[in-house]
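I've put the structures underneath this note.
In what comes next, subunit A is part of two complexes: it sits with subunit B in the first one and with subunit C in the second one.
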Partner chain A sequence: MTAYIAGAYELPIRHAPDQSLAQLQAQAMLGALADAGLEKSDIDGFFCGPDAPGTGPLSIADYLNLKLRHVDTTNTSGSSYPIHVAHAAQAIAAGKCNVALITLAGRPRSEGRAKGALVRRDSPDQPDFQWEHPFGLAVINVYGMVAMRHMYKYGTTPEQLAWVKVAASRHAQHNPLALLPTPVTVEEVLASPLVCDPLHRLDCCVVTDGGGALLVVRKEIAQSLKRPRIKIIGTGEAPEGQNGGYFEITDSGARRSGRMAFEQAGITPADVHYASLYDSFTITVLVQLEDLGFCPKGEAGRFAMEQSLIAGQGRLAVNTDGGGLCNNHPGNRGGMTKMIEAVRQARGEAHPAVQVPDCQFALANAIGGQLAVRHASATVILERES
Partner chain B sequence: MIDPTPTPETEAFWKAAAEGTFLIKRCRTCGKAHWYPRTVCPFCVSSETEWITGSGRGSLYSFSYMRKATPPFVMAYVTLEEGPTMMTNIVDCDPQELRIGQAVKLIFKPSEGGFAVPCFSPVG
Partner chain C sequence: MANSKPVLGIDDLPMWASMERGQLELQRCNDCGSFRYPPAPVCPKCLSVVAAWTPVSGKGKILSWVVFHRKYFDNHPPPYNSVAVELEEGPIIVTQLEGPEPAGSWIGQPVVLGYGEHTGRMRHHACLAAKG
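Now for the complex of A and B:
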């Protein structure tokens, strides 16, 4: 695979009551173009999720007045964006485009969806709807079941979960844009109200407006730009369901997506010292740490408690922008910000206080949909090319 | 509790539930029971699936307690005696006393529109 991430931009805004969704999409594109040093006319491929209003890519592509020869609207919820990176690399390898724009924008705070447990916006036509929604299915209560069973199977404790939030908050203090920039302690996490046992309020990610964009380009274009060359060296995508009623909710698709990405990249988890892991809840990070192979199954709680996730201290810096737990979670779709911080780390452009020294490899993983119900894990491994 | 939305594929389930019977689907070809009920077996893709009466006995696979909801409720997965695990609510219980692995039994609870919805409660 010979595609590169040439542009990565995170909208600085976290609350956007005075801007339209399309406007945010446009600002995200402009930011990524400026970051890469490319022009809008260079874009010939467009990738977006259902956060882009309209029929697939058509309305936003028209609003931006893009001239395209390749579009892709794969939707696996929050993991759509790392999957778009993979599909853009594949499209470039197949000669279908040269410069692929990937955007995300959302305004859940301004639209009044920032409080309480998010209920999924599902359709009664879904075959699973009648077997799940009468029971009050929400995002947090299925992740609560994952945490409860992880505790039951592996002895994971609320304190160990809290260490994931503590690490994120220590990183967020260096991010002036973070929604929650104040470091918290394990005791403060455990003292925050239980929202859905066993998850406390501080086990949960933030809800923000905003978004971001990425530009994936062909090798010759990456070589022509004045930016560090960040090569996409491995990708994997793994949709998982309930397997007809025979499943294990403490396992995720990251086992498969990670294995595919590491095999393609030709490296192992031991080679990676920075990872963006989707932190919808603290438990989500533990499951990914295990399933990607950063620690044995069942031991991620201990791994987090040993402060392994804190930049400058631990074996694997995780979510050095403060993650979804403290920094940003635009549109309730975390895969975009996961990609962006991985690019910053690989470039050496993260905040100096959290930059991993000589970060040759950076990994981003997202879980879209919901663990324990239906989800897709997406893994992308990046390498800084010297 | 919001109403389920039966389809032609699942009307038999909800009709039986209204009469107090808990149906599950089993494949005549491969013999395996599955959840949620489908016409085509999700394992061997045979169309020879049949409704059987479930025992209503199972064990608590996992749960979480939505204490901030109005009213609070227990979200759960229960593993049925017949094999598959299904999403449900645990009702008529003290949420603090629930333990993964404990025995539970079926109890139908009415939805807003009067459907009988398969919930479970602790045994004993």
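Now for the complex of A and C:
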């Protein structure tokens, strides 16, 4: 694989009542182009999710007046964007494009989903629909059940879950754009209202407007730019379902996507000291820590409680931008911001207070959909090329 | 307007019809005998495409559970619970516990399915069963 991430840009906005999705898409693209030092006319591949309004990639490509020879609208919900990175690298390797733009924009905060007020609209044509909504199963109920079983099976405690939020909040205090920049304690997490027992309000990610963009380019282009060269050295994608009703709800696709990415990269979890891990809820992070191999199965609660996730203290800094728990979860799709902070770390451009020294490798993992019932894990491993 | 009122999907008609009769049926593979859930055209164990809707015993145990404290669906006023039940036939289903609740963790508690009206139609729920 010889593709590089040349541009990465996170929209600074967290609440955008007066901006359209198309405007946010355009701002994200312009930010990534400026970051990379590329021109819009350099873009010949476009990757987006269903957050791009209109007909697949066509409406936004028309709005941005892109001249394209490759498009991809893979949708695995929040993990779409690391999958787009992998697919962009594959398309570049196959000679199908040279500069791939990947975008995300969303406005759930402005559209009334900030407090779960607006129910996600699923179609009755969706084969699993009948089996869940009629029994009151919202997204958080599934994650809560994963947490409850993890606690039962492995002795994980609410305090250990809370440490994931504590670590994110300590990072977020250095991010002036974070929605929730104030550090919190374990006690404050546990004292916040129970949303879905055992998950408290502070176990849940924020709901924000915003988005971001990435530019994946071929080697010769990366070498021509005045930016650190961040090489994509391993990727993996693992869609998981209910296997006909026979599955372990505390396992995730990160076991497969991580193994694929590490094998391709030729490194092990011990080589990685920064990871962006999808933090829709605190439990999501624990499951990924285990399934990616950063700790044995069942021990992620202890791993988090030992402050392992805090930059400068632990052995694996996680979500140094504050993550979805404190910084940003634009469009209810966290995979883009996970990629962007991993790029910052690999470049050495994270906030100095949270930058991992000599960060040669950075990993990003996303869990899209709903853990347990149906989700896709996507892993991307980056290396700074000297 | 935001509620979880069922809208029939073609794949699910036999399940809802079976609950109207007070006896949940799931697809059972004609070739290997495995039950499956949710409905699917192919057996997850042996890939056979031949299956028959077959009653389940209704016995199972709670695999996990939550209590949801926020309003999300109009027709599920909080607080309410969700439980994942591993049926004795094998598959995991999602339902809600009604009646007495266990003290402490609900996980591992034996349950039996019951049936009652919700949002204008019959639907399954779980009730605690005697241990043993």
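FYI, the second predicted complex is superposed on the first by the 381 of 386 C-alpha atoms of A that agree within 3 Å, B and C clash if a C-alpha of one lies under 4 Å from a C-alpha of the other, contacts with A are read in each partner's own complex, and residues count from 1 in each chain.
We adopt the following convention: a contact is a pair of C-beta atoms (placed from the backbone, for glycine too) under 8 Å apart; a residue touches a chain by one contact, two chains touch by 3 or more.
Just so we're clear, the structure is a prediction, and the values are computed from it rather than from any experiment.
Three-chain overlay on subunit A, with subunit B and subunit C in a clash. Judged by the touch definition given at the top, the superposed model places A:P134 against both subunit B and subunit C. By the document's definition of touching, both partners, subunit B and subunit C, reach A:M148. Of the two partner chains placed by the overlay, subunit B and subunit C both lie in contact with A:I249. The contact surfaces that subunit B and subunit C form on subunit A in the two complexes overlap at residues 116-117, 124, 127-138, 140-141, 144-146, 148-149, 152, 193-199, 242-247, 249. Interface of subunit A with subunit B (complex): residues 116-117, 124, 127-138, 140-149, 152, 193-199, 242-247, 249, 372-373. Considering their complex, residues 1-7, 9-10, 32-36, 38, 42-43, 61-69, 73, 75-77, 80, 83-89, 95, 100-101, 111, 115, 117, 119 of subunit B touch subunit A.
Every residue of subunit C that touches subunit A in the complex is listed here, in rising order: 2-9, 11-12, 15-16, 34-40, 43-45, 63-70, 72-73, 76, 80, 82, 84, 87, 90-96, 105, 107-108, 118-119, 123.
By the touch rule above, subunit A contacts subunit C in their complex via residues 115-119, 124-138, 140-141, 144-146, 148-149, 152, 193-199, 242-247, 249.
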